[in-house]
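Encoded as structure tokens, the structure appears first; notes follow it.
The chains carry the letters A, B, C, D and E, assigned in the order they are written, with residues numbered from 1 in each.
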Amino acid sequence: MARTPPVQSPPPDRGDATGSWLYNPAVRGAAYQVALAAAVVLILYEASTNAIENMRRLGIVSGFGFWNAPAGFDINQRLISYSSTYSTYGEAFWVGLLNTLLVASAGIVLATVIGFVVGIARLSRNRIVSFLAACYVEFFRNIPLLLQLYVWYNAVLRALPAPRQSLSTADAVFLNNRGLFVPAPVFGEGSGLLLVAAVLACAAIAVFGRWARRDQDRTGRQHATGLVSLALFAGFMALGWFAAGRPVTFNVPDLRGFNIVGGLQIYPEFVALLLGLSIYTASFIAEIVRAGMLSVSRGQTEAAYSLGLRPGITQRLVIIPQAMRVIVPPLTSQLLNLTKNSSLAVAIGYPDLVQVFMGTVLNQTGQAIECVVITMLVYLLLSLLTSLAMNIYNRRVAIVER
Amino acid sequence: TLDQVKQRGVLHCGSNPGLAGFAVADDKGQWTGFDVAFCRAVAAAIFDDPAKVRFIPLTAKDRFTAVQSGEVDVLIRNTTWTMSRDTSLGLNLGPVNYYDGQGFIVRSSLGLKSAKELEGASVCVQQGTTTELNLADFFRANNIKYEPVTYASAVEAVKAYDSGRCDAFTTDASALYAERLRLTAPDEHVVLPEIISKEPFAPVVRHGDDQWFDLVQWTVNATINAEELGVTKANVDEQLKSENPEVRRLLGVEGNFGEGIGLPADWAVRIIRHVGNYGEIFAANLGPDSPLKIDRGLNRLWTNGGILYAPPIR
Amino acid sequence: MTTSGKTASAAYLRTTVAPPERPPPLTSGPLAWLRENLLSSPLNVALTLAGLYIVYVLVPPAVRFLLVDAVWTGEDRNACLVSAAGQPVGACWAFVASRLRYFVYGAYPDGQLWRVNLVFALCAAGIVWLLWTRAPRKDLGAIFFFGLFPVAAVVLLYGWPAIGLPHVHTSLWGGVVVTLVVAFAGIVVSLPFGVLLALGRRSRLPLVRLVSVTFIEFWRGVPLITVLIMANTMLPLFLPGNMSPDKLLRPLVGVALFASAYMAEVVRGGLQAIPKGQFEGAASLGLNYWQTTRLVVLPQALRIVIPGIVNTFIGLFKDTSLVSIVGIFDLMRTIEVSLADPRWATPVTAASGYAFAAIFYFVCCFGMSRYSIAMEKRLATGHKRQETDR
Amino acid sequence: MTSAAQQAGQSARHLGGAPVIRMIDVHKWYGEFHVLRDINLDVARGERIVICGPSGSGKSTLIRCINRLEEYQKGRIIVGDVELTNNIKRIDEVRREVGMVFQHFNLFPHLTILENCTLAPIWVRKIPKKEAEATAMRYLERVKIPEQAHKYPGQLSGGQQQRVAIARSLCMNPKIMLFDEPTSALDPEMVKEVLDTMVSLAMEGMTMLVVTHEMGFARQVADRVIFMDQGQIVEMNTPTEFFSNPQHERTKLFLGQILH
Amino acid sequence: MTSAAQQAGQSARHLGGAPVIRMIDVHKWYGEFHVLRDINLDVARGERIVICGPSGSGKSTLIRCINRLEEYQKGRIIVGDVELTNNIKRIDEVRREVGMVFQHFNLFPHLTILENCTLAPIWVRKIPKKEAEATAMRYLERVKIPEQAHKYPGQLSGGQQQRVAIARSLCMNPKIMLFDEPTSALDPEMVKEVLDTMVSLAMEGMTMLVVTHEMGFARQVADRVIFMDQGQIVEMNTPTEFFSNPQHERTKLFLGQILH
């Protein structure tokens, strides 16, 4: 009987002749799905017909016609030019979106820095330091962010003096309850050269970096890349500065009337939001960092030490690369949370996307559905892009197993 | 709507969640104020009982949706009557129960005489109201630079002003007086003389129920007419015997004007007996008998140099 | 080697036992601990000093503000303005005390407070029943907490004239009551709904999976505040005709949908941890899909994710504060509103109110997080025992 | 009918019973991987069959096809008088009659031993709880661990757990029992207690298909031993013949490795 | 000086080399727990020492003291001509000369095998990459896995990983190699390949300290076998003597358990 039946390819999907279709899982599955689809469609249909009917009844016109209508209201912090006279609701949207992105990106940097510092402090062998870090984490993450924002906003405001009693250094930087005023650079003729210098500097640093790596590969010598890069950058910039004839002047803030005029103003709402978001999120990041560092087994450090690697290099080449794999995914989700939480700006008067678009624009135009949908889509898009990037990263760094 | 209200046994009245003088609830949920009084007037007209009102606090943002959706039967909440609101939001507004205008409050220590001196000032304002637009218009028209600081709620805006974040706070003048009371040191703030906008406050109802709209309209008108005719809470029962045909028509002794709005003939008597006439409502909530002590100004009767003028009942 | 050649053997045999000795001084005991943990290197000394300085900067003023200089009694703002002795004043607890009723019950009518208290008591009982690890009949507890209690709470809080409980409209609810109602409604809805979504996400039917994934990722991708604003402005539009959901109901719907998505992900984690053998074991006994899910898979999965559920609840609890932005009188908002009360306007009023809120939220959240950590430890050791036993 | 099928039919007939399991020309693929090829096997009522073969040869897959934990793509399997198709009702019927014991026990860790044993009778056979518990206790006594009834699986040793798993299957009163390497996850000292249980089960006339490498067990109780390789049944014989006189090269090699 | 120290010195001399490791009167505590007591040991250049003893007797601690993965509180340890103190520079010097292989390999999972082997030479010895890679390949060939150079540790079997770990240590050209139970985490069939590598290393004259329970290995290559118990060196002898004629009661007991 030992004739070996040959290996065959599977036959095409076998229809089931004998089974009653009622009990066929494939049929049942299809039925479930059709039912679900019907339910979803029904809900969507109901909701949309209701919405249309209601809007007709209430005389609400839908559509995006308002996008190009003049806005008529002002926004204090704006990264692109905007004025109540000439700008449209659409431009208000961009102002809000950019403000969201501004505070989110600043928050991401700050939260990551604080989070790593606190997380590493929590692992410190110094008991006082690790205890303080633990207190930080427990305190800030167990209090609602909204409450923290109120406290920061009011604390920031109350602690600072009125404009006339501004704290100032060299009559160029002022700090008061209207915010922080610093000289604003005004780029005159020839500033382009500075840009060129910066680009050149970066190129030079890149070239040097590559050379340093090669040289180490070749001769084993190690180079102080950080210091050299800094020097290179400073040198190029100085060169460009003088070559272009000092093109940049500064608009120095000045106390005039009852307020500070000129300069670059950093609003207290921004500061409060930034602080609140970063400090709150950092308390979560700290835990993630701690867990990540602990996930690298003690054996890795010991192995590195016993090979003669110094603690600094061990951290850089052995521990951190491994910890990062564990840290990065939850870290991104926290940073995403930070971005989403920046919508709490609405509580303290920072003109972010939600405050401007889902607040003022929605109220002035009455176009609730359009405004809500656009705002949500923006956040959704941010989330999806982030998770996409995350998946790619994960695939790239996944530890290869067999 | 009237039938619904009658059936429900209680009027749903949209109100400001807290504006001294106009609508405030105490810890126990008891509402008082100028707008509140008009809500009660409507309830009194319908039920002969001013307590049959449920007050639904609404923010500036969601007040119109609340009317549109029928969550409230009427919105009496310092709402400015504008054309767009009247025509494109599916709402009916009117008549005016308070003539207001937007003003500024500043610290007296600044020594300002006029809003035109606010060059470079930062101004706290509440989001999503006509106030925000008027503010922009005013500064644009006068070509003055300023820095708006916009808050979602009035409470936040006032708090920020109080703590020094802004040089000025702007809202309807009536509210300025009310909000001033909330400041840490009310005496150190002054209301600037400029009124930069017309803000006629009017009750709001939904499109499509004209009888209900009439009822609300004439409730307001009744209080004004009552003041004009000298009918007060105290003397309303006496006035029933009045010979003045206008009074007799108002109080339903002559004719049956209540029929047109689905109410019995004594509808106005109920209003006045329970809430009083316009002058009494004003005095108790905003005027001399209140902490706000707002001058009646435009809100005097036309006979007294104001513009308060109600169509006659006949 | 100083001593040379006594025996020429490579062998060594210990004849005298070296007894255990006490370590030399400075290598153990509190001093060694100090040296080891605080002063082992110059950097460490610097860190210690910096740490002590931070403690010095933060702790005494906080204690002074919260306790030593605090004003405990008083009728109005005068009590909390600069004290008679001209000293600055700490926290104005008198303010909190005078508004405490409002913070807890909002404007709930006076005569009816017992109803709220009863709900609090029932809630506490349910929580203890469920979370205390040695309480009996957890299944009944769950039915009580997730089935009976919500109904009872609604009846008690909202009223039912037929049984002699007059209506108390939701616009009168406020403070802690609303905070708890929102958080609780979130968890009660999100748990079953999250379970369904999690099962859907793991279904082998592509459409079911697609719908679940879309739903979950949508809600997880947008900020809660936008969800709340949406619920507030758009929900009435989507419902037929004149149906206008209660003001408090709208954020509840928003919160519930939002929480369900997060809960689904937590539950999915638990489902993934169930080994394939459990499904096969159940199948080979003839249990069908729903029986397997209900009797075998979910009991295990939910137990594993209790810490995750508690953590979600902590997040939810903190997030309830956002409903204040859309005009719901939760604890946050009652405090915010009270801060604007001119009778209590003092420089320390705001700080006192916020401190009160902070303490409230911190105590609740920290307590829950400790519980979930303890739970996690128990689960971890439980698993270990099982493995070694095998 | 291929020769393999004839043989299988004959051996079944040899025992005189009507076949309770018939596998005819069964083929199965995992994707493109042909894991079962041309399987023909008849099992008579009361027959005890041991299946052995190198790792990956498809033994587990074969017996998992019998209670439809796996689908097959070609051929027919008939259990009792039910043919296995996509009909869920039919599958449930079959699973009720076929018990299965796994390598890793697959007890439900959140239920006590007793609950593990009564779960299926209560929910599948809809037997009153009392009655189900009485039956369960009887079977727990039979596998000699009645005193553990109220413990949880995690508190038992591996051998005890496996015996519970057997009792759990028996509580459904199956007509056929399938065993997939029931002792290979056990420490050596526990293997015996499980094998003893299985032997006593065999002695009572249960129809059994056992995947195992315990050749002592095979010698003692098997009516037939089947050797599989690369998804095929390579050789099938009575244990005496099988061990003393293997025919196929592969079988010889395998037995050489396994019987030290 | 205690007798133990004398003895240790003598045995080293007996082999004729100058001691490359000298441990004099070493004591170590974990908190209050006296884990190493009165350790005296001289290791000559080229000497192969096997350390055995019951679990918890301090074997690992002992060899971890030699490259300062652990501090000790009393006594002296001199490696080469460097005394181990808190001086970081000195510790680095010692670690460069002492290789260590762990029970759990401790390869860096994010680096390829080749990168694992070149990391330390490049960053510690500052050797050009090319050169380091050439050396690494040489040692990988020596441990018979050059073809795996570009794989990651996770893709290798345990035995292969341990051989990589040995190669990685060898790439630093250490004068002394420490092994801490290098085979105890391996499946039996992989033990041999690792032991073979170690034997061949021993044959080339590397100074080795090996904690292991592989008594065959000890017999084959050890110059001395040390038996530890409760933190003390209890007995030390040539393997022949040690196994055939253990002196101490504890040693006898231990050997009785371990040699089947």
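Convention: a residue touches a chain if its C-beta (ideal position, glycine included) is under 8 Å from a C-beta of that chain, and two chains touch if they have at least 3 such contacts.
In UniProt terms, the chains line up like this: A, C = General L-amino acid transport system permease protein; D, E = General L-amino acid transport system ATP-binding protein.
Not measured: the values here are computed from a predicted model.
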| item | value |
| --- | --- |
| Any chain in contact with chain B as well as chain E | A, C |
| Common touching chains of chain E and chain A | C |
| Inter-copy rotation, chain D to chain E, in degrees (Cα atoms; steps of 5) | 165 |
| Chain located farthest away, centre of chain B as origin (C-alpha) | E |
| Chain ID, smallest distance between chain and overall C-alpha centroids | C |
| Geometric centre distance via CA averages, chain E-chain C, whole Å | 51 |
| Inter-chain centre distance, chain A versus chain B - centres from mean C-alpha coordinates, in Å | 45 |
| Rounded Å distance between chain B and chain D, as computed from the means of their C-alpha atoms | 84 |
| Distance from chain C to chain A - Cα centre to Cα centre, in angstrom | 26 |
| Shared interface positions of chain B, touching two or more other chains | 61, 65, 68-69, 152, 156, 159 |
| Residues of chain A touching at least two other chains | 54, 154, 346-347, 362, 368 |
| Contacts with 2+ other chains: residues of chain E | none |
| Each pair of chains that touches, named by its two labels | A-B, A-C, A-D, A-E, B-C, C-D, C-E |
| Touch list for chain B against partner chain C, complex | 17-18, 25-29, 54-59, 61-62, 65-66, 68-71, 152, 155-156, 158-159, 181-184, 186 |
| Chain D - residues contacting chain A, complex | 3-4, 7, 27, 29, 31-32, 34, 37-38, 73-74, 83, 85-90, 230, 232-236, 247-248 |
| Touching residues on chain C, where the partner in the complex is chain A | 36-38, 40, 44, 47-48, 50-52, 54-55, 204-208, 211, 217-218, 220-226, 229-230, 233-234, 236-241, 314, 318-319, 321-322, 324-325, 332, 336, 350, 354, 357-358, 361-362, 365-366, 369 |
| Complex contacts: residues of chain E adjacent to chain C | 1, 4-15, 27, 29, 31-32, 34, 37-38, 42, 73-74, 223-224, 231-238, 241, 247-248 |
| List of chain B residues in touch with chain A within their complex | 60-61, 64-65, 68-69, 88-90, 110, 119-122, 127-129, 132-133, 135-137, 139-140, 146-152, 156-157, 159-160, 163-165, 167, 206-208 |
